[in-house]
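Input: one structure, supplied below.
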Amino acid sequence: MDRLLKKCCIRSSLVKKCLAECLGVFIIILFGCGSVAQVTTSENKNGQYLSINLGFALGTTFGIYVSRGVSGAHLNPAVTLSLCFLGRHPWFHLPFYVFSQVLGAFLGAATVALQYYDAIMFFGGGKLTVTGPTATAGIFSTYPADYLSLWGGVIDQVIGTAALLVCVLALGDRRNSPAPPGLEPVLVGAVILCIGVSMGSNSGYSLNPARDLGPRLFTYIAGWGGEVFSAGDGWWWVPLVATNIGALVGTLIYELVIEVHHLEPGPSSEPPGLDMNAEGKHVGQSWRANQT
Amino acid sequence: MDRLLKKCCIRSSLVKKCLAECLGVFIIILFGCGSVAQVTTSENKNGQYLSINLGFALGTTFGIYVSRGVSGAHLNPAVTLSLCFLGRHPWFHLPFYVFSQVLGAFLGAATVALQYYDAIMFFGGGKLTVTGPTATAGIFSTYPADYLSLWGGVIDQVIGTAALLVCVLALGDRRNSPAPPGLEPVLVGAVILCIGVSMGSNSGYSLNPARDLGPRLFTYIAGWGGEVFSAGDGWWWVPLVATNIGALVGTLIYELVIEVHHLEPGPSSEPPGLDMNAEGKHVGQSWRANQT
Amino acid sequence: MDRLLKKCCIRSSLVKKCLAECLGVFIIILFGCGSVAQVTTSENKNGQYLSINLGFALGTTFGIYVSRGVSGAHLNPAVTLSLCFLGRHPWFHLPFYVFSQVLGAFLGAATVALQYYDAIMFFGGGKLTVTGPTATAGIFSTYPADYLSLWGGVIDQVIGTAALLVCVLALGDRRNSPAPPGLEPVLVGAVILCIGVSMGSNSGYSLNPARDLGPRLFTYIAGWGGEVFSAGDGWWWVPLVATNIGALVGTLIYELVIEVHHLEPGPSSEPPGLDMNAEGKHVGQSWRANQT
Amino acid sequence: MDRLLKKCCIRSSLVKKCLAECLGVFIIILFGCGSVAQVTTSENKNGQYLSINLGFALGTTFGIYVSRGVSGAHLNPAVTLSLCFLGRHPWFHLPFYVFSQVLGAFLGAATVALQYYDAIMFFGGGKLTVTGPTATAGIFSTYPADYLSLWGGVIDQVIGTAALLVCVLALGDRRNSPAPPGLEPVLVGAVILCIGVSMGSNSGYSLNPARDLGPRLFTYIAGWGGEVFSAGDGWWWVPLVATNIGALVGTLIYELVIEVHHLEPGPSSEPPGLDMNAEGKHVGQSWRANQT
C-alpha cells in the first residue's frame, strides 16, 4: 500500500503548495461553515454563537497544521498579497495561491452542503433562501447585519483584517515575543476566536476573500441563485476588497510601530539558503523563504 | 505497598496494550457520556451542547494521556483498521485491540449509568426509554436526528471520520508541521471539539465504532431493550460501518494530498529497531513501530 | 524594599510548604467559589454553569502554579493521603498539609464572602439561607441534588475523585505519555474542567475534602448556621469520606492497569538525592521527593 | 518596501517601549471592549457574558505578544507602579508608560466606536446614554452593579487586582513553577479569563487604571457627556485608586508567602548585564532588566 501511494509523489514545489493551500482552506470551511450550519439548522439547540467562533478558530488551527510545512499556510489571499507587497513572497505565486484558496473554499462549502443536505432542506422547508427567517445562504458566506451601512461594512472588515495581521505578524516575529515552536497554529486560531467574539456582529468576520468568495460561488451555482450577490445592497465585493486593504493596513501598523525598530538584524538578513532548507517550518521563516 | 504492586507486573506486551486501550476508551466514555448525562438529566441547567463537546474532547485528551505511552492510543477500531490497511500496524493485533476498545466503552457506559442512576431514574420517571421527551438511551450511544435519512447518516459519518483522520495524521506528520511533543493528546482533543461543534447535529458525531457499540450493548442489556437497535430505522450499524469507511477515506486524502509528496525520507524509512525503542512515545512513531 | 522583604525569609522547609499549600487552596476557592457567587447572585446573567466549571478549573491551574515549586501542589487532603499510603510522601507531613489546606479554603471562602457581601445580601434579601430559591450556602460548599440518595452521593464522589487521580497520575508518569514540562498545572486544570462538565450535576464535584470542609466551616460561623451540616440528610461527611476512598481507588486503578507494567525502571528507583534537588519541580518528582 | 520601512527606525529605547505599550493596550481594548459592544448591541444574540470574558482574556494575550519583547508588556499602570515600588523598574519611566497606556486605551475605544458606530446608533435609537436599558457607555468603561456600595467596589477592585498580581508573579517566578517559555502571554490571558468568570459581576473587573480611564475619557469627549464621571455615585475614581492598592497588596502577598523564602539565589542577584541583553524576553527578566 505504502509503495503504491509513493508512486503518486508530485515533485513540482508549486503544485504541492497549491494542493496544501487548497486542503487547508477546505478544512477551515468544513469546520467553520459546518458550525454555522449546525447552529442555524438546529436553531441554537446544538450550539450557539460561541460554537461558531470555536468552529472557525479551530478550523483555522487545523487548516494551518495540515498545510504549514508545505505551503507556509497563508490560507488567505489577503495574507498572500501583503507578503508579496512586502517583497517576502514571489508575485509569481500569487495567482496560483489565490486560485487554490478559492477552490478549497468552494469544495469545503460543497462538502458542508452535502453533509447538511437533509438538515438544510428540513430547516428551509425544501427551499434555499438568502434572506428571511429560514435563510440558509448565511451558512456559507457572510452577509451584513440589517443596520450596517456599506461604509460601515468596509470599515468593519478593514479593522478586523488589520487586527488579524498585527497579531499574526507579532506571533511570528522572532525578535519580539514569538509563539512557541509548534503552537503557532493554535495561537493563530486563538486570534480568529478573539476576532469572532469581538468583531463578528456587524458582518460575520470574513477576514478572508477566499473564505467568502468560494462558498458564495457555490451557493450561486447550487440553487440559492443571484440573490447571493445582490443581497445586502450588493455586499459581496466588500469582503473581497476591504480585507485586502485591511491586511495591508495591519502589516504597515505592525511594521511601523514594532518591527522596524528592532536593533538586532532579523531573519530577513540571514543567508537565504538557510531559510530554503527550513521549507516553511515557521510562519516567519516561510514568509521569507521565497525571497530571492 | 510499592513492592506489593510490583508483583502484579504483566510482561506480555499485547496484554499491556489491550489493558491500556481498554482504560483509554473507558475514560473517553466516562467523561463524554457523563457530560451527555449531565446535560440531559439537568435539562440544560448544568450544561449545554458545548459542555458535551468539551466532555468528549477532554475525555479523548485524557484517554490518550492514559494510554499513549503503552499502546499508541488508537482508542478507535477505525483508526486501528486504517493503520493495518496501510501496513503500519500488525493485522494480528486488530481483533485484540478492537475487543479491548469495545470492552472499555461498555465498562465506561456502565460506570456512567451507576453514577447517574438516581438522576436517570428521576428524569425518566423510573422508566428507561429510547425515544420521546424523557429518552435516556441517547446518553450512551448515538441516534440520528428526525430529519436524517440513512444515506444522509452514512455520508455524515464518512465525512466526520475522514476529517478526524486528516487532522490526526497531519498532527503526527513530522515532515509537515507536527504538534509539539507532549501536546498531541490536547490537539487531538481539539479536533474532537472542532468536529463536535461543526458536525454533531445530524447524528451525534460517533466517529468511533467502539464508542458507539459498547454503550449500545450496555443499554441493550441494562434495560433499555431491543429498541436501541431498531430505533432510527435500524441506525445502529451506521456508526460501525461508515466510520471505518470514513477513516480509510481520510487516510487516503491526507496521504495523496500531502504526505506522499514530501521529498525528505520520513520516519518509515528509519531502522525499525529505533522505532521499537520509542515504544509509542509519539503517534507517528507508534503507528510505524510495529512494521516488520 | 527588596532587602526589607528578605528579612522575612523562613528557613523551615515544612512551614514554607504549608504556606504554599494554604495559598494554593486559597486561590482555588477564591476563583472557584467566586464564579459560583457570580453566577448565583447575577441569576445566570453574568455567567452560566460552564463559567463555574472554568472558575474551578483555572483556579486549580493557578493554585498549582503558585505552590508547585514549593510544596508539590497537592492542594487536596485526598491526594496527600494517597501519596502517604503509597509511601511517596511522609506520614509525618500529613496533618500539617491537611490543616493548611483546610485553612486556605476557609480564608478563600471568607474573601469571596467579603467581595460578594453586597451581592449576597441583595440576592438573598438580607438573609443567609442554605435551602430555597435564594439560598447562598451553595456558593461556598457542595450540597446534593434533590433526587440524590446518600449512597448515590458516595458513589458519585468515589467515581469523580478516582477519575481525577487516574488522570493526574497519568499526566505525571514519565514512563507513559507525560504532560509537557511547565504545562502540568494547565492539564490538571483541564481534568477539573472535564470532571466539572461530566460529573458536576449530582453533587457539585467537590473531589477535595478541604475544598468542602473549609468553606462549610466558614458558612457555619458566618451566619448560615447549623443547617450547613444538617442539609441534604447530613450530606457534609460525604465529600470528606468518599473523596478519600475515591482517591485510593483511582490510584490503585492507575497503578494496576498501567504503571506496574512499565518495564524500564522508573524515577522511584533513582537515587533519592537526585530527587531531593528537584525540590518538587515536577509532580511526579515531588511525589517521590520525600521518600526516604 | 522593506528598505523604505527601515528608514522609520527609532533608536530611543524609551520611545520604542512607549509605542509598544500603547499598541499593547490598544489591542486589549480593541478586542475586550469590542466583545462588550458585540454582546450589548446584539442583545446577547451574537455572544454572552462568557464571550466578553474571552474577549478581554485573549485581548490581553495578544496585547502581550505584540509588546513583550520591546517593553516587557506591563500594559497596566498598576503593574508598572508595583514594579517601581519594588525597585524593579525605574521611577523615571513611570509617567511615560502610564501616558502611553492611557493613550492606547483611548485610541482603542475610539476604534471600537468607529467599528460599531452603526450598531451603537441602531441599538441606542440614535442616542448615547450612560444608564438605562439602551445604555452604551458600559461598552467602554466599567460601571458598578446597582447593589454595589462604593466601599464594596473598592474592596472588589483591591481583591481582583491583588489576585491578578499573585498569579502573574507566580507565572514569572523562575524559582517556583514558572510558565513554559513563550506561553506566558497565554497564561496571563487565562488569569484574566479566570478573574472575569469569578469577579466580573460587581463592577466589570477593570483591574487596570488605563483600561478604564482611557475609554472613559473617550466617551466623555465623544458625546456621552459628564454622566460618565457622575454615574454610580462618582464611580470613576475607584478603578483608578483601588487597582493600584490591589496591585501592591497582591505583590506583597506573593513576596511574603512564597518568593522571599526561596533558598537559592534568584535572577535578581544575577549580574545586571546579563538581564540587559535579555531585553524583556521573559516577564520575570524584563521586570528586573531595568534595575541599575
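We just call them A, B, C and D in the order they show up, numbering each chain from 1.
By definition in this document, contacts are C-beta pairs under 8 Å (C-beta built on N, C-alpha and C of every residue); 3 or more make two chains touch, one makes a residue touch a chain.
Chain identities (UniProt): A, B, C, D = Aquaglyceroporin 10b.
Computed from a predicted structure; not experimentally measured.
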* Asked: Going only between touching chains, how few steps reach chain C from chain A?
  -> 2
* Asked: Which is it for copies chain C and chain D: same residues on both faces, with over half shared, or different residues?
  -> different
* Structure fact -> The angle in degrees, nearest 5, through which chain A must rotate for its Cα atoms to match chain B is 90
* Asked: Once you find the CA centre of chain A and the CA centre of chain D, what distance in Å lies between them?
  -> 29
* **Length of the line joining the C-alpha centres of chain B and chain D, rounded to whole Å** => 42
* To do: For chain C, jot down the residues that touch at least 2 other chains.
  => 48, 50, 180-181, 183
* Which chain pairs touch, all of them -> A-B, A-D, B-C, C-D
* Contacting residues of chain C [partner chain B, same complex] -> 48-50, 53, 85-87, 145, 147-149, 152, 155-156, 159-160, 163, 166-167, 170-171, 173, 175-181, 183, 187, 190-191, 193-195, 197-202, 253-261, 263, 268
* Which of the residues in chain B end up touching chain C in this complex? -> 1-2, 5-6, 8-11, 16, 19-20, 22-23, 27, 30-32, 34-35, 37-38, 41-42, 45-48, 50-52, 54-55, 58-59, 61-62, 64-70, 73, 111, 114-119, 121-122, 180-183, 185-186, 281
